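The same subunit A turns up in both complexes below, where it pairs with subunit B and then with subunit C.
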Partner chain A sequence: MTLIAIEAASRPHSRSFMRRFAGAPLPWIMPVIIVIGIFYLYPVIDVFRLSFTNATLIGDNQDYTLASIANMLSSPQLPDILWATFVFVGGSVIGQQILGLAVAVVVVRGEKRGLFGTTILRTTALIAWVVPGIAGGIIWQMLFSEAPYGALNSILRLMHLPTVAWLSDPAIAPWSALISNIWRGTAFSMVVMYAALKAIDSSLYEAAEVDGATGSQQFFFITIPQLRAAILVNMILITIMTLNTFDAIITLTGGGPGRATEVISLYVFNIVFRNYDLSGGSVLSVLMLIISLGLAVVYASFLPKEDER
Partner chain B sequence: MKRAFVSALALSTMLFSSPAAFAQELATKDRIGLTNAPKTLTVRLTNDSPNNPDPAIAQGYQKLFVDFIKKHPDWKLQMQFMSADIGTEQAKMLEQAKAGNAPDCAAVDSFVLSQFMVNHVLADFTPYFSKDEVADLFPFIRNGITDKDQAIRAWWWDTDLRVLYRNKSIVPDAPQTWDDLKKAGLASVKEGMEGILFNAARYEGSTFDWLANYWALGGKLVDDSGKPVFGEGENKEKFLKALTYYKDLVDSGAAPKRVTTIGNYDDLNAAAAAGTTALFIGGNWQLAQLKATLDPDEFANWTFSPIPGPTADQRSTGTGGWTIASFSKDKDKVEMCANLARDIYMGPGNALQQQLPTRKSLFDRYDVFATEANKTFAEALANGQARPGAPIYPEISNQIQIMMGDVLSGTKQPEEALNAAFKATMEAYKRL
Partner chain C sequence: MSRRTGTRFGDFLSYLFMLAMFIFFAGPLTYLLSMALRDKREIYRGVARYIPHNPIVDNFITVLNNSYFPLYLWNGLKLAALSGFGVLIVAMPAAYAFSRFQFRGKGLSMMGLLLFQMISPLVIMVPLYRYMNRLGLLDTHFAVTMVYIALGVPLATWLLKSTVDGIPRSLDEAAMIDGCNRFSVFWRIVLPLSAPGIASVFIITVIAGWSQFLVPFLLLTQNNLMPIGVGIFNFRGMQTDSSIQLLAAACLISVVPAIVAFLSLQRLILGSMTSGSVKG
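Let's look at the complex of A and B:
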């Protein structure tokens, strides 16, 4: 049989195959479902499973029980951990959002006017984002160092101002951790805001100018409403990213002094890798997932509907 | 024929006339031995290996490994290296060992050895070390590597200890007691220094360095069954005494409050190099680091002495170190791993890195340990105490770190912090 003959013989069969599945999406998205199932869903399901056990890294036997959930959720440390997490995440979201928007506005305005330095500003902000969390933690540890040669305190001394216990005071350390995280995450918000600002129709501003609107009126009545979707999507993303951040904190403070900067992701790390408690870590991971999803749903409910756009 | 002769000549020249070229063949970044060697041993190591950041030490290890593999030409070593996050690395390796995926031969930190022992994942090294070698080990080392069936489960090849470093030009006499140290710290502050420095951040070293004070009082962290006892009875009193001592150092100004941010021995070296401190609690290995960092004149001012005790007679110091262990079920691989521990680490590795040996006789075998400083360190090992080989120890350490931060920063009073730490430890103990 020649090649042409083989093709001719198989053609009706393959046509019927194609026709059968042409309207059915499942065969086409099945590879994606399999990949996501193996690499994303399975670990999540296993974390759910482990949270209903008493599994540890040390013991061989694991029984199914609700005791781990009860123990972790009634842990006296949890309220303090959640409060530290709330301050860290809430502060980071607000700070990164405001600073990211501010830098993006400056860059867009600068580009419109052809000012020198806008590219440098954009690149500088992006460098902070590229720096790995652990390296960022080390950088800020050096800046916040309370040794006589610590960077920020040395500047304060030069200005004849009192020094600050950046990391050793439990009341100040969370704010220091927050500053370092805002520094790191501002670039991401800037990128999102920059793209959204570029997408705003310039005729809106032209019309506003014709109507005599001031710059601040244009910002609050055109820019902000036009950025609503981008702001909310950005909030969802940076909330989830910050909630999962622990690498920068572990390097900066290790969660201390005491538990002053121990956020929930670092607590999970400590529970699993210091205490070898797999089930406890899983319970808290599920809690983190619920918090993330809950906040995402709240943010998403404020997203403009299709007919509002 | 002529071409074959030339090729053979070139090959023989490369193999026999150029050891350096041969060594390069035998050692790559992740392999020691010939690529086509029939047997493979996977080896996972810390920076005590050709992966050391110090080029001289890295080259020294590479030579030791190449010499070793030349004695075992049928083998190649597939090298893996751990990150600096030791706690996480060891926890991951334990999980791998339980799943049967651990390397054949690996570095296990001495203070987590018990976690591996209770999981029965370590091969038996007993047949590969002579009774004399075992008898020559310091007692705390021998106890640390022996399981309840008296089998040797790892080879603990180096140890260390903590001492008080001081700048003689500012603190001429070695403080003997806790009171002496407080006075010396306050005197150094008057000289413009920032007082006594020590680790007190969220870091294993903070616990370990402080424990010397608790052990000097005779305190115990766990009982013989491994159950935490530090928050009960006499142990509680001793614990509070040792904790209050540290708090008093900070409250009085003999130590700066910033100790709660020190979680790295390098920070102590940095302060010494910057000339901002005259006293710090550090490890024996820091003497060589200070020598490398400071100007000779400045280094001449520095010396060390045992950590002061509550009285001059009550002394203790924490001793740690690394072991080599095998996770393999293949007897040939277990033997090869034991050989590696003996030939590379037990002696040559100690001398290369000037890390204290775990066998008394090795102090006399190497010139580097004949220095006055190393002799003093060796003598101080008599007061050495290792961390308890109990699975709950990492959580006890974690709770002590939290407690230290709370007490020294003034968030909690010592007894309140101790009660909270003990309660959390017992909750964790029940879950294990």
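Let's look at the complex of A and C:
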């Protein structure tokens, strides 16, 4: 009897509390806010703060100074690092975008014509994509290796061609790193392009067909303009993913030979965790943030506006 | 007539391109398999022994008998699976709110989430390493899992939101009329109907966690806590040119679980990714 009474008395109260609590968006979003706040926002603010100090990874004492910013930005290595990063990121974006689009176009065409092997190709490309970065680096090192088991050089030897110093020639190593990254990243572009191709209204092609447009005209005047938004979004994502790539390079070349493949993310890692220079690493981290934000803003400014579509 | 030969020629070019791409994408992985199956002598034959004359599985046995390797695999699985669950617990309620509530700054906070996705894990690892050190959380799987969760949440929230968007609102409303509150609508209607999206986000997070290198490499120092990514990296450091077949076998062991997980749920994962990207 009493139990029921208590329940009856407490129910309206708890119910209205629940309703008020659950009807507002904030409690639902709270977990995300907390996680992002602790693990993204706070560290990023701290990186900005640390770049204005002379902090090291080991010592606790730090003073506020602009010296590490000045040191880092005037470091003679920085231009080389930025150039290596530019080649790696720029080449990856161009290569993955073009190859991803080409594979997607051929897969869509193949599906339409019922060609054999389209699903196999799509699946194989996607498999390369889920290979962990570390494993990808090891696999490509075996392919590029100049030891007897190196795949590419042993093909060249079979064909009696001169071998290539894929990873030890500073002029060639960046291209080798690029190829391995294109291998790993193309599938992502392919998925984005594939989805965008499927979303194009087929009546556009039918109308062009009636007007007598050739295949290449259809591609350049219908397909490419229709894909514009998807291409730009894809470029933003690949740029950022490549800029942050680090594990595949550390196993493939370790940044060498010399500094030929030392991209900025690897440089940050070495500065902080090998030289214990926390403030210098923070300066470079901020630089990385600025580069990726800047590129995102540039790409985004080319995006069609919502009302234009 | 010319149109037909044109189509035929197009088919021929398509096949040629598909073959070239197939070799490019599958070649490296089949070579890895070839290396992993060779004995010491055949290693030096390079591509001439693409299909080994004496295929052996000894390399896999040696690797798995390595005292640490099974531990690496277990740690990798544990961290990846825990982060998969964690990401769902954090992201799913937010995805529901972003889909069903109208509030000020919604679009902005959705964009903000994507912005965080752009930040390199390396940037946040620098300060996080210090905090974890101060809190005495270095060398704990708890710290590693929490960072994995944080890294996965932005994308997961976006993908889950597009899943919830796909569930008709009329179902929510009908349930509310029948006396459900928001929690029971979420629990009894939205959650079960989101199952495909939830499964794909879980798998995406688990594969990302399995591939992680940076976070465990920095936050863990004890060998018995290392997940597979770092384990392979350390294992590689111990190998020489004459034991490359062991490294190949180890590498293959680390790659196969991700591939199997992905292949078995390929349709689901691609479905959730493409529906999200088309809607923007």
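Definition applied: the second predicted complex is superposed on the first by the 274 of 309 C-alpha atoms of A that agree within 3 Å, B and C clash if a C-alpha of one lies under 4 Å from a C-alpha of the other, contacts with A are read in each partner's own complex, and residues count from 1 in each chain.
As a working rule, a residue touches a chain if its C-beta (ideal position, glycine included) is under 8 Å from a C-beta of that chain, and two chains touch if they have at least 3 such contacts.
This structure is a prediction, so every number in the text was calculated from the model and none was measured.
Overlay done on subunit A, so just call it for subunit B and subunit C: clash or fit.
These partners clash in the superposed model.
Which partner chains sit in contact with A:Pro31 here, subunit B, subunit C, both or neither? Use first/second/both/neither.
The answer is second: A:Pro31 touches subunit C but not subunit B.
In the superposed arrangement, does A:Val164 touch subunit B (first), subunit C (second), both or neither?
Touch status of A:Val164: no partner.
Let me test your reading of the model: by the given contact rule, A:Ala213 touches which partner, first (subunit B), second (subunit C), both or neither?
It touches nothing on subunit B or subunit C.
Taking the superposition as given, does A:Asn270 touch the first partner, subunit B, the second, subunit C, both, or neither?
Touch status of A:Asn270: first partner only.
Does subunit C touch more residues of subunit A than subunit B does, or is it the other way round?
Residues of subunit A touched, subunit B against subunit C: more for C.
For A:Pro148, select first, second, both or neither according to whether it touches subunit B, subunit C, the two together, or no partner.
Both partners, subunit B and subunit C.
Is A:Leu82 touching anything from subunit B or subunit C once the two structures are fitted on A? First, second, both or neither.
neither
Which one of 7-15, 25-33, 61-69 or 115-123 is the stretch of subunit C that crashes into subunit B?
Given the superposition on chain A, subunit C and subunit B clash at 61-69.
Could you tell me which stretches of subunit A are touched by subunit B in one complex and by subunit C in the other?
Common to the two interfaces on subunit A: residues 57, 147-149, 272-273.
Mind listing the subunit A positions that touch subunit C in their complex?
It comes out as residues 15, 18-19, 22-25, 27-29, 31-32, 35-36, 38-40, 42-44, 46-47, 50, 57, 99, 102-103, 106, 109-110, 113, 115, 117-118, 120-121, 123-128, 130-135, 138-140, 142-143, 147-151, 153-155, 157-158, 183, 186, 191-192, 194-196, 198-199, 215, 229-230, 233, 240, 243-244, 246-247, 250-251, 265, 268-269, 272-273, 278, 281-282, 285, 288-289, 292-293, 296.
Please name which positions on subunit C make contact with subunit A in the complex.
6-7, 10-11, 14-15, 17-18, 21-22, 24-29, 31-32, 35, 43-48, 89-91, 93-94, 96-98, 101, 103, 106, 109, 113, 116-130, 146-147, 149-151, 153-154, 157, 181-183, 207, 210-211, 213-214, 218, 228-229, 232-233, 236, 241, 244, 247-248, 251, 254-255, 258-259, 261-263, 266, 270, 273-274, 277-278, 280
Of all residues in subunit A, which touch subunit B in the complex?
Touching subunit B from subunit A are residues 54, 56-60, 68, 71, 75-77, 145-149, 165, 167-170, 253-260, 270, 272-277, 279-280.
Within their complex, state which residues of subunit B touch subunit A.
Residues 87-88, 91, 94-95, 98, 115, 118-119, 194, 201-203, 256-261, 263, 267, 270-271, 274, 276, 391, 394-395, 397-398, 401-403, 405-406, 408-409, 411-412, 420, 423-424, 427-428, 431-432 of subunit B touch subunit A in their complex.
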